[in-house]
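Each structure below is given as structure tokens.
Here come two complexes built around subunit A, the first alongside subunit B, the second alongside subunit C.
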Partner chain A sequence: MSTASSPSRLGALLMTPVHFVMRLIDAPVRGLQKATGIGGMAAFFLAPNMLIFGIFVLLPLVINFVYSMTGGTAFFLSERQFVGADQYARLFTCGSYLDPMSCQEDAFWTAVGNTFWFVILQVALMIVTALITALILNRDLAARSFWRAVFFFPVLLSPVVVGLIWKWILQRQGLLNFILYEFGGTEPYTWLTDRNWTFAATIGVSIWAHMGFYALILLAGLQAIPKDLYEAAEMDGTRPARVFWRITLPLLAPNLLVVVVLALIRAVQIFDEVYVLTGGGPGTSTLYLTQYIYETGFASALRNPGLAAAASILMGVVLVVLTLFQLGIGRKQENKGKR
Partner chain B sequence: MGAAARFLLRRQGVNKGGRGWHWTDVVTWIWLVGGLIIMFGPAVWLAFSSFKTPAALAEFPPSILPYVTSQATVEGYDKPLQLYDAKMPDGSTRVLAEVRRIGLVSQMVDPQAPGEIVRVNMNDRTPVRTLSFATSNYTEPFVHFDFLRYLWNSVFVTVVATLITLVVNSMAAFALSKYEFRGRSAAMLIILATLMVPLSVIMVPLYSIISSLGLFNSLWGVILPTVATPTGVFILRQYMLTIPDELIDAARMDKASEWQIYWRIVLPLTAPALAVLAIFSVVWRWNDFLWPLIVLSRRELYTLQVGLSIYSGELNVQWHFILAMTVVTMIPVVLVFIFLQRFITTGIAGTGLK
Partner chain C sequence: MGEIKLTDVKKSFGAVDVLKDIDLHIRDGEFVVFVGPSGCGKSTLLRTIAGLEKVTGGEIEIDGKRVNDVTAADRGLAMVFQSYALYPHMSVRQNLAFGLENSNMPKQEIAERITEAARMLEIEPYLERRPGQLSGGQRQRVAIGRAIVRRPTAFLLDEPLSNLDAELRVSTRAEIAALHARIGSTMIYVTHDQVEAMTLAHRIVVMRAGRIEQVGTPLDLYNTPANRFVAGFIGAPHMNFLKGEVVEAETGTVTLVIGGGHRLLVPISHHKLSVGDKLTVGIRPQHITLANDPGSLAVKVRLVEALGSETVIHADLNGEKLLAVVSGQKQIAPGDEAHFSIAGAPLHLFDDNGLRVKGA
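Here is the complex of A and B:
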């Protein structure tokens, strides 16, 4: 970078302690290098990352299975007694598999049911909106990067901020009631105390917060479609709808599939914004799986970490299946690209 | 306005032979303008609301800008009186202060001449309102609540976690891109496989590990589990693969140590990828919520996100403070958005990571 001299001089000044530390590290590492040879240094460079990784990701992953087979409220494994598959059995004990309320852990099945409908509706609606947005952003717009940024803005916001923004808008004296009052003369309504409206709100808010991300990926897919196909279609006087169904959609399909799976994986784990917006309520109408795991493991007075671990493993299985599916799609596309 | 809209929505390139607007142009226009309102509107509304007094927040229908009703201290009355524009029987308007209201009739006095009481019908008076920004919404949470503490905790977690992420991930990426060793592909596979291990799946055992390490109720317990990001290793490695090995071989000829090669040659050349990872890491760590919520149970350790959610969940929500603190929490992300959105949006379109 060859910018003005003062910022670069400031940068150099700031880097001085860094260089000093790096030089300090160099001496012992040089000694290590003498002992292990150049090849052994790979292990040295890999070690910190793998260590943190092993302790905070791999180890919990393994322990989780052990955890799910123990009972009691203690957190340290040594203080927990082995109960075998009891926790799983408890999750699956139901009077009738069609009615979540007949299960011993009715909250779990309520959460599963809620999450299921949430995932289906949220992903379907979000992908459709993201696709429309991507198609529109792919047109010959002036200031396209501005419009792209507009739809991307909420993606960066923290889920807590997203939850609070919408809690503020949906409350009784909120903006939504004001707009309805101004244009429809409707009486103020409390959106977040009605089961169905609250459920709809969690879907709408999460679409608002994440749609821009998927629109961007789809936009990249659209831009990869060869332009000459469209030019040929235009010369033939093909109607836009036909162009969409016959050219755009088939060529975007692989991209679309990846995006759908990615959205599914994220939707299954929904927690933060909903927790702030509704807290899972009213009642259990917006209680989703992650919140169930969180509350069973940590928050409730009757906390049961083993049960939470068992539930989290069941959720993990769903996620692994979805991810393998996604990797499978990726591989297929790569092979296609090679041919 | 019209000209600006025409500029922003103008179609370039293909000349449609002077044909007017096609229906798709209309849809485009509606979608973009609607999107503009829906995507920015809620945050802007929140920012405007954050400058209102509690009384103004409770108003329905709400005003967009923060107005307060004016009051005046009048001679002979202990408390400040509410000021109104009152319509007089002769059609003129006077600014009067309300003493009391009985039924539909308001008893008012002229603030300058408080002797004479004027009776005005309730419907003939409107409160005098002036624009006023309740900046105490911003200052008070910092003084009377722990928000300054939360802000500091959030900054600490974000900065430290990002620095560690950059160092640790770049070291691993260096090993995985510039060395041939047994188990290299296995290490890469393990790292990539954990991309599918979200926090919600491992939070119970992770909590027990954090507790046994004595990191419960410590900001380090928030930082450490997040720093070995697989995405970070992945982008940095992909980038380092493009650095020619000849450079490294030449340095080795010159008796440079491996550590020197890492920080004098490879790191500076990886700067663009490091910058991308730094931006992502800052946004990720600033926005983290579930894990800090689990690890931090003492109030003085809360990050902004946790503090906000706890305060907003209380029975008597003090919305004027919550709104202001939400705006404060939004600021870094909005700055990233304003200055770096182009960078990020093209990055996402290219790599598909968030």
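Here is the complex of A and C:
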């Protein structure tokens, strides 16, 4: 029977090289297992991944820490001198922590302040927007898949592209001012040169770029809520607002928590699209922490890799705390699921 | 009061007609069970009564009032869902109170109703627990409790026992029957399990492919099924069907020939049968006995299921399957020749269209 045997013959053909390799490595792997035991085999299989992680993550982390203990403008470690915790001391030398200008490294504290407000506002607004979007996309809309794709699309764009698109829209002779002038006769706004507008623009653009991702997580959460619960609520004559506050929101809480922590981590790291859009300006009004680190270490005339490394270590500490928080939540939810 | 009347009810999902011309009158206090195979429309019918689905055509009346355009909440019905649909983040007490709080009922009265329902269902010790901390049977009680506290016109139960294990199902079934006797409200119960239907119902509604096949008391359906489908669906194991042909038709009796040339004399009060008519003869497995006399049906035994108190024999009669349930334990094995007697067994006759022959 050709129809029955041809797929299996094809399968056998495809498996030939696999079998060949397996036979080839069979003897040495057996020998290794005999020598190291099962535990040793686990280490053997993990080794390639650990090697990559070690070279590209762990080692740079250590080197970065060493850099933060050195001073001078030289780039190579061998040419740099050990200064101990001086760089950290420099970052923390302030007249008053509430006034960045009283600090020795005022740009760092300005960036910290900007990042703080950016994180608070961007995350809060984005979560609300993502939740509303997910709630709408969860309804029986016409062309629902199309709308889901539309909201997710910006997530696929490179941050540089996002920055450029919005620069074209927001610059003085950009699309937005053109539309406002054509339809409202309004004088051009200085979206990207007015301090407040620019700060708002960085928040708006980053929400636009990332919201789809979080909306998708929340949408998945909404869809996991059994339909029966809503029907039971309907039988009970529950008003829509009460259904949202008493059923939807509590059942979505685990997803919301994950989304909040992920969004926080990402917001702290904000850099690329803002750098393309505003370059941190006007002045230092949209200078965020990652940009400060980048400019201090690589781009300013008097580059100071040691100071940049120290600042990045401090930022890393914040991110580690947030990540541990997220892992804690994950574990708590896992335990809840088991019960 | 809890009288529900359906007139010519239709429901379609797109081009698919799920319910076709449903006419049904459920009396106040009655326990009615909708039964039928998967996809027959029984759950959809329940949901249209509940108001969770809108009908495409026809009328639904509750206590004489047309409710087609009345919301689910305002129909005064309570539903127990197959999955229980308990709010997982609320305690049992909060689950019971949730619906009552919607209607701004005084706290005192809510507490009283919860206490009463909890006592009735013996769930008092679990009131502060969450559904996730309860067993299947306890959740099931909470789901029923949530319906009870609302004091509805009628209870709608959608396969409430299907998530329980066999033993718990039997005991919960008995509790539901006792609950109905105590509350006395109208109950509509959906199941695909005909044993549940037989044991619980005042009347059973047998459905197939969106239509009602027969409505009647459990024994009506068992003794005089309206058609071959109902005959096969009600009763376990299901009824045997043998091909037969009328060879003599007289007033008061007809004589049929079935497989193997065996002649059956069927008393039939008034009929329009004539010689040569092809019929299907239905015989319940419990009505067949083992016999020795040569006038009985000679069969070949295919499979024997010894259940201790009774023996189920799967046999072959000239190429037709025949199942017998005989009491006690029998020394019989697959491959044996045996004789089945149907003397005195009630015989059901069905015509070409599967409809019961009147008078039989």
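The rule we apply is simple: the second predicted complex is superposed on the first by the 286 of 339 C-alpha atoms of A that agree within 3 Å, B and C clash if a C-alpha of one lies under 4 Å from a C-alpha of the other, contacts with A are read in each partner's own complex, and residues count from 1 in each chain.
Heads up, the rule we're going with is that a contact is a pair of C-beta atoms (placed from the backbone, for glycine too) under 8 Å apart; a residue touches a chain by one contact, two chains touch by 3 or more.
Please read all numbers here as calculations on a predicted model, not as lab measurements.
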Subunit B and subunit C placed together on subunit A: clash or fit? fit
- Message: Just to be sure I read the superposition right, which of the two partners does A:Tyr294 touch: subunit B = first, subunit C = second, or both, or neither?
- Response: first
Review point. Between subunit B (first) and subunit C (second), which does A:Gly212 come into contact with in this model arrangement: first, second, both, or neither?
Key: first
Practice prompt. Based on the superposed arrangement, let me know which partner A:Gln87 touches: subunit B (first), subunit C (second), both, or neither?
Written response: neither
The chain contacting more residues of subunit A, comparing subunit B with subunit C, is B
TODO: Name the contact category of A:Asn114: first (subunit B only), second (subunit C only), both, or neither.
DONE: neither
| message | Just to be sure I read the superposition right, which of the two partners does A:Thr278 touch: subunit B = first, subunit C = second, or both, or neither? | response | neither
Go through the superposed model and pick first if A:Glu182 touches only subunit B, second if only subunit C, both, or neither. first
Touching partner for A:Thr286 - first (subunit B), second (subunit C), both, neither: neither
Partner chain in contact with A:Val150 - subunit B first, subunit C second, else both or neither: first
Across the superposed arrangement, the tightest C-alpha approach of subunit B to subunit C, in Å, is 5
After superposition on chain A, the subunit A residues reached by both subunit B and subunit C are 234
Listed in rising order, subunit C residues that touch subunit A in their complex are 50-52, 71-74, 77-79, 81-83, 85, 87-89, 98-99, 102-103, 132-133, 146, 150
In their shared complex, subunit B is touched by residues of subunit A numbered 22, 25-26, 29-30, 33, 38-39, 41-46, 48-50, 52-53, 55-61, 63-64, 67, 75-77, 132-133, 136, 139-143, 145-161, 163-169, 172-173, 175, 177-178, 181-182, 188, 208, 212-213, 216-217, 219-220, 234, 240, 258, 262, 265, 269, 271-272, 275-276, 279, 289-290, 293-294, 297-298, 305, 308-309, 312-313, 315-316, 319-320, 323
Within their complex, subunit A touches subunit C through residues 226, 228-229, 231-239, 242, 246-247, 250-251, 339
Residue set of subunit B touching subunit A in the complex reads 7-14, 24, 27-28, 31-32, 35-36, 38-40, 42-43, 45-46, 49, 57-62, 167-169, 171-172, 174-176, 179-181, 184, 187, 190-191, 194-198, 200-209, 211-212, 224-225, 227-228, 233, 252, 257-260, 262-263, 283, 286-287, 289-290, 294, 305, 308-309, 312-313, 319, 322-323, 326, 329-330, 333, 336-337, 341-342, 344-345, 348-350, 352, 354
